[in-house]
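Before we start, here is the structure in question, set down as structure tokens.
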Amino acid sequence: MPEFLDDFLFTYQTLIYALGVNGLLALSMYVVLALGQLSLGQAAFMGLGAYVSALLTVKLGLPFPLVLLAAMLAPALAALCVGAPTLRLSGVYLALATIGLGEVQRIFFINSELTGGALGLSGIPTKGGLISIYGSLALALIAFAFVARSKIGRAMEAMREDELAAGALGVDLPAYKLGALVVSAMLAGLAGALNAHVSSFISPNDYGFDAAVTILSFALLGGIGSPFGPVLGAFILTLLPEVLRPLADYKTVVNGSIIVLAVIFMPRGLLAWRMGRAGAATGRPK
Amino acid sequence: MITRRFALAAASLAAMVYAGAAAAQTPVTIGAIEILTGPNNKYGVAIKNGFDLALEEVNKAGGVLGAPLAIAYEDSAGNKDQALNAARQLIGGKKVPLILGPTLSNEMFAVGPIAVERKIPIVGTSTTANGITAIGPYVFRTSLPESDVVPVTLRTAKEKLGVKKVAVMYGNDDAFTKSGYDVMKAAIEKLGLETVTTETFGGKDTDFSAQLTKIKSLNPDAIVVSALVEAGAGILLAKKALGIPDSVRVIGGNGLNSPQVPLVAREAADGTLVGSPWFIDKPDAANQKFVADYKAKYNMDPDQFAAQAYDTLFIVAQAIKDAGAPNAEKIRDALGKVKHNGVMGPFSFTPDRDPADTSGVVVIEMKGGKFQILK
Amino acid sequence: MFAQQLVNGLVVGSTYALFALGFTLMFGVLGVINLTYGFYLSVGAFLALFATQHGVSIWLALPLAALASGCVAVLIDGLLLTPLRRAKAPELASLMVTLGATLLLYSLANAALSTDIRRFPPGVIDANALEIAGIRITMTQCLIIAAAGIIVSVLLWVMNGARIGLGLRALAERPDAAALMGVNAGALVRLVSLASGTLAGASGVLIGLNYNAIQPYMGEVMMLKGFAVIILGGLGDIRGALVAGLVVGMLETLTAGYVASSWKDAVGFVLLVLTLWIRPSGLFGRLAVKRA
């Protein structure tokens, strides 16, 4: 590799990895929002994936693909526990319950000897890289693009537009909602595991409420009209503070404004464009 | 990126003006990562002030290697990812042969491995947690770790105040206060003190009545506390409100060694005991000169972070001179051999790159809202 | 020691209840989880702080700061939530908008005021503790307990007895029908915002007095506990908020005193998760929420 390219990759490595990881996180948020639900537990799912994967690598030395699989299954289980009782109720319950999940999990990580307490886990070997991060992102995007064009995608869209009507038309609402939450948790867990294996150090406070809100702002900036929107939103919000350094101090101001403006003025997102599919509105499931 | 290149140019320019004769030379630029913005920027700004004051003196005295010395600052805002990006910029982009900082131990745990990977020496001036220098052979620190300061404080309390039974309280959700606790626990065991109970709290907690009521019922001689200013002040206030007698001292770690504590806790802070690697009223001439110069330049009192930074820059400048070239590997070897007598007292590195000399530690107590040396 | 711990628990519990009352009132009548609620607590505390620093008596500063916080609440509700109500946006839209606004408001407050903690000037209130049979309690703490009791009684009376309560309940059950029956919905919305913002501001002043730790984020910390309390008490249930606040505060204190202080903060959230599993309608069981 030529030296200048090597230097370039070294200099921007953290940023390049962060773009991919945040893209995955934005997609995980998209799955839930696409059904008109709100989860504030994406950071918690990410943290669970990060901790499970780091422990399996450091303590047991399991092979990386197996570790990634476990990092997806553990948050999936957590999502089932939180989602099953709350998704039968109105949407605010899921939002509040996922906040609760994040807090309980944080207190557990802080108090457990196994997870290194507040000091976190350090010395996680570098196993992830460009291929695993961007490969996962590409796979997830392709899968979502297919789903969005399928019958499931149309059912999801119908639910978002008018839940009652969709239910009346025979869409199995609770199953769809729970399924989406589980898929979302798996994606966030994967993102957490990849991130832990490129940054070598994780600590409980990385996965708090602030992180959850940042992930939400990725998705809302991009809009949930198509899976590409949230990823683009994540890219923009990750790059912005690097390009415009003064903005870095006002990151929370920017994120907050995006959420407010997006909800009030642009419910489809600032960068929304819809999948190239004519007659989307008429494609309701029978 | 343009703004930063401009800032660097401005820094070099300033260095050239001071350096006089050496002005024609390109400066030797080292990097520094500190918290310059955001809620914790008071630490980073004090450190930067300390560096800049020493830099002025170094360059007045002819700089290093016949050229002025310059510092390229990067802001971490207290965020470890931003610290990581900053380190990559300094190493990969600016190609600095040495990095000062970062401010927090947490940031060092993230940044240290990168410096080690690229074989660039990195010198923490305020990172006091356990295990910092164990990151790798290029990680140094000039700040005395808590494990050197806390035992001195506790031994003094035992000898001068007759403390035998202690209750321990620590913030368990923060790396700094947790590692401070680990050190306290080890020191308490080593001194043969009895621990009646160990209680925890969260860094953002405001209510400590449950823990302190329990502690009161166990009648300890002193309460050993590992907390940052906010929680520490809250504990002092609750201790007074619950009627725990003043003779039961609060013995703190570095977190309570702050002029902020009496601002909030007021008279409840009196009697608090902490150990400090540096103290503003230390009488030696070097320290008096530093305090006077600092006040003249910045119009405020220096704190321990400024003092540590001030000494560190002289140590690093000496190492660059000894190395004979701005080469990372040579600077690293030279750093290990530097001997310096600064405002903190005599200084050299142990083979493990920690400070070797703890004779500068002073135990101070709060009286009438001000720290003074414990008699 | 046990008696002192019970008093400690009662004080902490009353603080939670005081905070949660306005929060649950907002949800009960307006049907939104308004996450900016915690910010009004910070507003109240800071306004009272500035007033007392300029020599205003705390007995005057407390109601004024509380009322001013209420006005801020009305303003923010009008800016953010009224447009959504008009557009008949889904309830999660209002949750999200207040989430973004919270982030924005706190970071602006933080930039303007810094995160250094502050304290009321000395002597604004008698800080000495009374000692009765070995139990210590301060004047502020008595005030907090009394305030929680009085406010609940007033709110319950208004909602159930007074004429205006009828309109409020109509608004809560069927906003569209209430409008048809001549309830001035806009005015009632503003009134409820004012009332709950005032409650938040008042609890901010009292919490600031009790713990002497005033800083911009103080509301956010309370907010997390607030979620647990209002879910346990049942969303929108005033009596439930009082009881749940006391239960959470008492259990936290007893956990710290007799089990392990490291699990103290988990109490509220474990109760939250259990409530959702076993009895999502909360302690008193009336499901105040319309199903989605």
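Should a chain be cited, it is by its letter among A, B and C, assigned in written order, with residues numbered from 1 in that chain.
By our rule, a contact is a pair of C-beta atoms (placed from the backbone, for glycine too) under 8 Å apart; a residue touches a chain by one contact, two chains touch by 3 or more.
This one's a predicted model, so the numbers in the text were calculated from it and none came from an experiment.
Ranked by the number of C-beta pairs in contact, the top chain pair here is A-C. Using the average of C-alpha coordinates as each chain's centre, B ends up farthest from chain C.
One inter-chain figure worth recording: chain B and chain C are separated by 39 Å, centre to centre, where each centre is the mean of the chain's CA atoms.
Between chain A and chain C the centroid-to-centroid distance comes to 31 Å (mean Cα coordinates, whole Å).
Centroids of chain A and chain B (each the mean of its C-alpha atoms) stand 37 Å apart.
Counting partners per residue, chain B has 172 as the residues that reach two or more other chains.
Within chain C, contacts with two or more other chains are made by residues 262, 265. Each of the following residues of chain A touches two or more other chains: 110-111. Per the touch definition, chain A reaches chain C in the complex via residues 36-38, 40, 82, 85-86, 89-93, 95-97, 99-101, 103-104, 107-108, 110-111, 163, 209, 213, 216-217, 220, 250, 252-253, 255-260, 262-264, 267.
Listed in rising order, the residues of chain B touching chain C in the complex are 39, 172, 199-202, 204-207, 209-211, 213-214, 216-217, 229-230, 233-234, 237, 241-243, 260, 263-264, 266. By the touch rule above, chain A contacts chain B in their complex via residues 7-8, 10-15, 18, 106, 110-111, 117-120, 122, 199-201, 203-205, 241-243, 245-246, 248-249.
Of all residues in chain B, those touching chain A in their complex are 1, 3-4, 37-38, 75, 77, 80-82, 84-85, 88-89, 91-93, 106, 109-110, 113, 118, 129, 171-175, 177-179.
Of all residues in chain C, only 1, 4-5, 8-9, 11-12, 15, 110, 114-119, 122, 127, 129, 131, 136, 138, 207, 211-213, 215, 217-218, 221, 252-257, 260-262, 264-265 touch chain B in the complex they form.
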